[in-house]
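Since the structure comes first, as structure tokens, the remarks are kept for the end.
In this document, chain identifiers A, B and C correspond to the written order of the chains, with residue numbering beginning at 1 in each.
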Amino acid sequence: MGQIQLKQVTKSFGDVQVIPPLDLTIQDGEFTVFVGPSGCGKSTLLRLIAGLEDITTGTIEIDGKDATDVVPAKRGLAMVFQSYALYPHMSVRKNIAFPLRMAKMDQAEIDKRVEAAASVLNLTDYLDRRPGQLSGGQRQRVAIGRAIVREPAAFLFDEPLSNLDAALRVGMRLEISELHERLKTTMIYVTHDQVEAMTMADKIVVLQAGVIEQVGSPLELYRTPRNLFVAGFIGSPKMNFIEGEEAAKHNTTTIGIRPEHIDVVEANGQWQGTVGVAEHLGSDTFFHIHNTGLAETLTVRAIGDVSLRHGDTIHLNPRIEEIHRFDAAGLRIA
Amino acid sequence: MARAISPRRKLITTAAAWTIALIIFFPIFWTILTSFKTEAQAINDPPLFFNFDWTLENYSVVQERSDYMRFLWNSVIIAGGSTLLGILIAVPAAWSMAFVPSRRTKDILLWMLSTKMLPAVGVLYPISLLFVEFNLLDTRIGLVVVLMLINLPIIVWMLYTYFREIPGEILEAARMDGATLKEEILYVLTPMAIPGIASTVLLNFILAWNEAFWTLNLTAANAAPLTAFIASYSSPEGLFFAKLSAASTMAIAPILILGWFSQKQLVRGLTFGAVK
Amino acid sequence: MATKASRSAARIMMAPAVVLLLGWMLVPLIMTLYFSFKRYLPLRGDSLDRGLDWVGFDNYVRFISSSSFWPSVQTTLVMVGGVLIITVVLGILLAMLLDQPFFGQGVVRILVIAPFFVMPTVSALVWKNMMMDPVNGVLSHLWRFFGAEPVSWLSDVPLGSIVLIVSWQWLPFATLILLTAIQSLDSEQLEAAEMDGAPPLRRFWHIVLPHLSRAITIVILIQTIFLLSIFAEIFVTTGGAFGTRTLTYLIFQRVIDSQNIGLGSAGGVYAIILANIVAIFLMRIVGKNLDK
């Protein structure tokens, strides 16, 4: 079990309120990702759930029980830290066993669980090493191992992949997703990387300045972003925003269209401009286009290798049905 | 990346560095050497370097005449006791300041440092008076307490700078793993902080060992440590160079050896973490 | 950042250190202040039991107007200033030398640092007798070797001799700290200056020295605080004679030798004020460093 409910939770540091009143329910077994730019309060929110910070007002319930004043150790949650926070003076085996030792479990049971976790995480050969002798990816696995042996009500991940290099990050992303598939335990995952959020989450919580901008499944956020912020944050490359005359044609102040929803045509496009930088990825090509009269730069994704170069004129057709309209307050008009 | 240095330049630097180092070290070298001479050889003209009959006689004379071992024991008790007592009081305080900082932490740290700067002579009489009042004059326990108090700010500071280097996330991880505060300090913080605590102990032992204001002014016969023992040689009596040398060598040898181990920590401890 | 529970635990754990230091600071300080306004000459029958006469600022005025006050201030300034100049200048040069690659770096470092670990009474006595004795001291042998008349160090140049002894004790400290600071200088910065065509002397002046300025300030402040209370070195060499009586030593004599507690306490208050002026500057620097 691992249902977590936040009711009217606020957090202030001194006079500064970093989290205004906030309600959120995380269902049992759900993989929830908190995403937002740095300083948006996502890590603070996670630490409030963990109990590493006191909430200023409001209540936190875990499985229907009030956990607001429960110390971190007694909440039944496990956390994987950004720096992994492994105990440098203990072997991998002792690191993974530490929470079990603290729970006064008997040694035979501890050994069994550590062995099991190690084999799941491919750490069996490294059990007697110190964290300092491991690679970044292996340390990450130890941190996860230390979390899973306790069989917690929920896992909390605080930007766990941000210290890994790009290739490892993709691999660990898959491993964590697989782990969730297998354990079916509630996971709360904090990241500033919207790709991680999109690929891993059952449910994404987009935060900005301590406020929840939108909660929904990855595709809901992609298809129907509630406002300009979510529209700009989810999706890569970013959605293009166009104001002025072109927006007025759609009876609003701002329209948005994703780069993948603009087609490159040979001639007579509805829009046209000159190619600035062209990024050739092979499967796709991203054009950054100037002089369109719409926005300073327009980003367009073309499938495959389109051979247009710097300075060439490009013709474009937006897919009208994919255009998002936003009102003056930045809210999406359905 | 350091660049290749021409061998000639390296030789010149070597010669210069060694010459200066030997000049600086010479008084200590000379003292140690003289301690193995007879009194007559000690004042021989020209000075004798290695061409003399080595003797250990001075050491036994010093021990017999002034009971060196008693002073040594006092030094060990006073320096060791004050350091250990200081560590016991400072570890929890430094833990609090490093891991649960509040808005006042910085002020408290600076205030502690400011007590270290109180000139001892300014409070000499009050302290003597209190010592008389509580029968602490010329007792080891009195000196243990005073030296602990004068070094406590340095101990707190050193531990604080070491503790601050331990990532807070590791302690939080322990908390998440179900450790109580006691278990967190016992199983996670202390093992990680041992190198820092060891350096702090070492440096403060040295500082207490060499302290020469309170040890001279608050002791007479019973509790006098080596600083006072050596001061008794300030009024010469006949030929005494070799004996003075032997006594000095015995007073500084233990601490020189300890001191050489603690060079790195010395910088940090004495600059309150401002230079690392 | 923390929770309420850990904050209250922190307060309890900090209490012993804070309370002890507060007592250590306040009790003697208040007593000194109290005595400084009293006539208190135990040898003439004054005693705490019978009560002491209130004399207002008499002691403060008498301490300053005594004929030994200004000379002692002058001695203090010369001694502290002399040691500071010697240790900082030689310390910079030595630190730069030791920063170069050479054979036996470890041993040289150990030899250079050694004087710092010698207890003050030993170093003073070793210098007084083994080195500076006018007949048998090493320096007199050296003088005679070069055909010069040996110097009676402690009676002819007493203040200079003590400055020499104290400098010998503190040079390792200055060197070690400045060496640590030099080693933290980013070598790319120097290489960039070299690429920009700056000759060695200018590189020293414009890059090394500014980089060292903070360490130099710290060395000066910390040494000043310790040097202001130099005691044992004077106690075992000249005993304050021959113009080596510093402010600290003068106060010591007033309290211990002439048993004029009131006068000595007033002097003590002056010393405390003086030390605090220096301390404020040091605290500023250390405090700034804390914010990082």
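Criterion: a contact is a pair of C-beta atoms (placed from the backbone, for glycine too) under 8 Å apart; a residue touches a chain by one contact, two chains touch by 3 or more.
Predicted model only: the values in this text are computed from it and were never measured.
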Original post:
What is the minimum number of touch steps required to go from subunit B to subunit C?
Top reply: 1
**OP:** Averaging the CA atoms per chain, pick out the one whose centre lands closest to the mean of every protein CA shown.
**Re:** B
Original post:
Of all chains present, which has the mean Cα position farthest from that of subunit B?
Top reply: A
Subject >> subunit B and subunit C, separation of their C-alpha mean positions in angstrom >> reply: 16
**OP:** Return the distance between the CA-based centres of subunit A and subunit C, expressed in whole Å.
**Re:** 57
**OP:** Report the inter-chain centroid distance for subunit A and subunit B in whole angstrom, where each centroid is the mean of the CA atoms.
**Re:** 53
Original post:
Listing for subunit A: what residues touch at least two other chains?
Top reply: 52, 71
Subject >> Junction residues of subunit C, two or more chains touched >> reply: 2
**OP:** Indicate the residues of subunit B shared as contacts by at least two other chains.
**Re:** none
**OP:** Write out the stretch or stretches of subunit B touching subunit C in their complex.
**Re:** 1-2, 5, 9-10, 13-14, 16-18, 20-22, 24-28, 30-31, 34, 42-43, 45-47, 89-90, 92-93, 95-97, 99-100, 102, 106, 108-110, 112-115, 117-127, 129-130, 149, 152-153, 156, 181, 206, 209-210, 212-213, 216-217, 226-228, 230-231, 233-234, 236, 241, 244-245, 248, 251-252, 255-256, 258-260, 263, 266-267, 270-276
**OP:** Give every residue of subunit A touching subunit B within the complex, in rising order.
**Re:** 50, 52, 71-74, 77-79, 81-83, 85-89, 98-99, 102-103, 146, 150
Subject >> Of subunit C, residues touching subunit B in the complex >> reply: 2, 6-7, 9-11, 13-14, 16-18, 20-21, 24-25, 27-29, 31-32, 35, 94, 97-98, 100-105, 107-123, 125-131, 135-136, 138, 141, 168, 171-173, 176-177, 180-181, 184, 187, 214-215, 218, 222, 225, 228-229, 231-232, 235-237, 248, 251-252, 255-256, 261, 264-265, 268-269, 271-272, 274-276, 278-279, 282-283, 285-287, 289-291
Original post:
What part of subunit B is in contact with subunit A in the complex they form?
Top reply: 167, 169-170, 172-180, 183, 187-188, 191-192
